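After this come two complexes, each holding chain A, first together with chain B and then together with chain C.
Presenting the complex of A and B:
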């Protein structure tokens, strides 16, 4: 009798915990797993999977350039996970990483005193936080990205906010990313409330919505299009898109944040980019980062 | 009678003239279409398409290599470029006409060029 009772009460506790905290990410987790299965299947054997995933690729590139991807972690490399020719170039560039000074400058900015004697360090005592953002702030009822969090800290301390695309903010983020990477941190996006789950859903909807005068969606290029080419550029998969920012881009001749990159891709769609501090950008990034949950933090990095 | 003949002759000349003009116009149209196809700020078709028998500078493969289009009716090509979702609701190809990227004259030029793709 006692045994039965206790089993019943254990089940009751389990049921409560499923209904309570921890269940708000159920849909997101389902989406993430489905995307992982899709990408791993797509890149398991590109030549064999031609009909399903690479209908317009040449035999030559399927045989000689698009390599199988075995582990989901490899997608943090973006298109270099499968683009053999590109990877060689990438490895060469990484022998002398052009972002090293930026990491040091970021550390200085992190410790530098504000006029009121505090610093970014007062707001972010632990710099190993690159994988924890974006977060949903239940008090404010909105998504906070690492970029907006840095500016919030500045403003709260009577300082002027920084440009959210490049410059000082990118350097501080480079420092956060490199500390997080050194510590072996993983992307760890939380969805802990109904409001957070709704923000995630809105971000997801935007990702799959065709827009701009070209009526392309992000997914056209980075889900279905991943592994295909726009001109000679291989398209990287959505999984792994947020793991390694900020990036030093040859095209920019400098570091840029995720927000900066988003703006460029919105232009690809034929759309006027949203503002980096907009709800739109933040919720989109919340969705995108969740899709990389569990992948190692790998920034800063370099891209063409 | 002589009058009638004169009318006929001038009609014939007129007809020949139209043909000649449209042949010259067609070559121009094809050229114009080719430019739209290959220019980033206009059609930018090469971002996604190679074209059989043409020299295209680094074409993408988000879309198929275009071939055999000379056999397509001009209306079908026009429709494809105007609004690919008509034939394929999940196409990743932009609707150049419907979304106002290319106007009627530009699409006609693109179609003239597409008709030269074997």
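Presenting the complex of A and C:
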């Protein structure tokens, strides 16, 4: 009887640990689904939802420009998911995408040999990885973004790290994103350990915390504020934010990484931006990317 | 040998102590800042430039340490404080702040009393916001504190 009991308890411990092992993303899934419900509710009928979500919008905007969004996948387009006029301009710009040369240059950089004979290809044999980052590296105990992973590869092979905001790194990321998009890859962020779940939670907390002299959180603009206007631009929703990077921004007149965009947002909040390779930046991106889990990789892309 | 180890340990500790704030200290300064009335402590007319600048100098390093330092139009609060130290000492009416923007050195000139008020409010408010954020952030999370 004792043997049977001890076997049962061992099996119970194993079962609990197996179930627990697959459950580190439980809170993140709950957050993601709640965000989806919120965004779909908000955009299902903007005219009807005026009082709840679009108090400053004009009749003309709500009838003719802010379109209903029926599917979560549409949010991969950012504000163009609902902004009819913006979508027309976006489609025109995409007839001759200004990032195409960057994809080719990115491929060259990906295959270019380092001094030791290896290349980025040695570190990333499969370039269809844009949807898999950021990852939590349990050995290092930290989040690794696609940008930091490229630089880690360079440094490990005796090369100098690249600027994390633009230039070569953005070109290689454009190549990765393009290959991932062609292969029909989706955003697939994993949370497989307690430490990873804690990093996600810290990122989430920072996203929703008000900061800077303007006392704005990221969510002020991209959750509660999504769909509202700042001057003539519509604020994009958090869902889909990370799916299309790197982007060619008209403001930049060039390609930039997510880290570059994040720095811009922090400046707009009235705070000294964190460094692109900081724990803060990487954990924030980990949270943001998780919120787009399941959406197709859609980069590189164009934004204003 | 033991003495050498002791000396090294003392040197390491003094270097650590002299290297500025550590996170725990910054957090306790943030808690302390919550007790301040920013309008009163940063009132230049009532307290004088020296005292108000001293408040900024005391609290802003904690904001830097916690990664919540304020920055406006390209100028961090550290730049305000650095420029003001000299101007207040020399009793200058205006202060010219030099800062870097996109790799280029730029400058802007402000009335000294106005810049001192700003440095003080930015330092204190950054820490107060940091503390307030610990209680308020969940209120904006759909599915958590944010009801819709």
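One rule holds for everything that comes next: the second predicted complex is superposed on the first by the 286 of 304 C-alpha atoms of A that agree within 3 Å, B and C clash if a C-alpha of one lies under 4 Å from a C-alpha of the other, contacts with A are read in each partner's own complex, and residues count from 1 in each chain.
The criterion applied here is as follows: a contact is a pair of C-beta atoms (placed from the backbone, for glycine too) under 8 Å apart; a residue touches a chain by one contact, two chains touch by 3 or more.
Just so you know, these numbers come straight off a predicted model, no measurement behind them.
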When the two structures are laid over each other on chain A, do chain B and chain C clash or fit? fit
Which of chain B and chain C A:233 touches, first, second, both or neither: first
So in the superposed three-chain picture, is A:220 touching just chain B, just chain C, both, or none of them (first/second/both/neither)? both
Is A:205 touching anything from chain B or chain C once the two structures are fitted on A? First, second, both or neither. second
A:270 contacts which: chain B (first), chain C (second), both, neither? both
Can A:71 be said to touch chain B (first), chain C (second), both, or neither? neither
Looking at the overlay, what does A:251 touch: chain B (first), chain C (second), both, or neither? neither
In the superposed model, does chain B or chain C contact more residues of chain A? C
Just chain B (first), just chain C (second), both, or neither: which does A:35 touch? second
Pick one for A:52: touches chain B only (first), chain C only (second), both, or neither. second
After overlaying the two complexes, what is the shortest C-alpha distance between chain B and chain C, in Å? 5
Indicate the residue numbers of chain A shared between its chain B interface and its chain C interface, in ascending order. 213, 215, 220, 224, 270
Please name which positions on chain A make contact with chain B in the complex. 55-58, 213-216, 220-221, 224-225, 228-233, 235, 270
Parts of chain B lying in touch with chain A, wherever the complex brings them together: 46-48, 58-65, 92, 94-95, 99-101
Could you pull out which chain A residues touch chain C in their complex? 30-31, 33-35, 37-38, 41-42, 52, 204-205, 208-213, 215, 217, 219-220, 223-224, 267, 270-274, 278, 280
Please give the residue numbers of chain C that touch chain A in the complex, ascending. 64, 67-72, 76, 122, 125-126, 129, 132-133, 136-138, 140-144, 146, 148
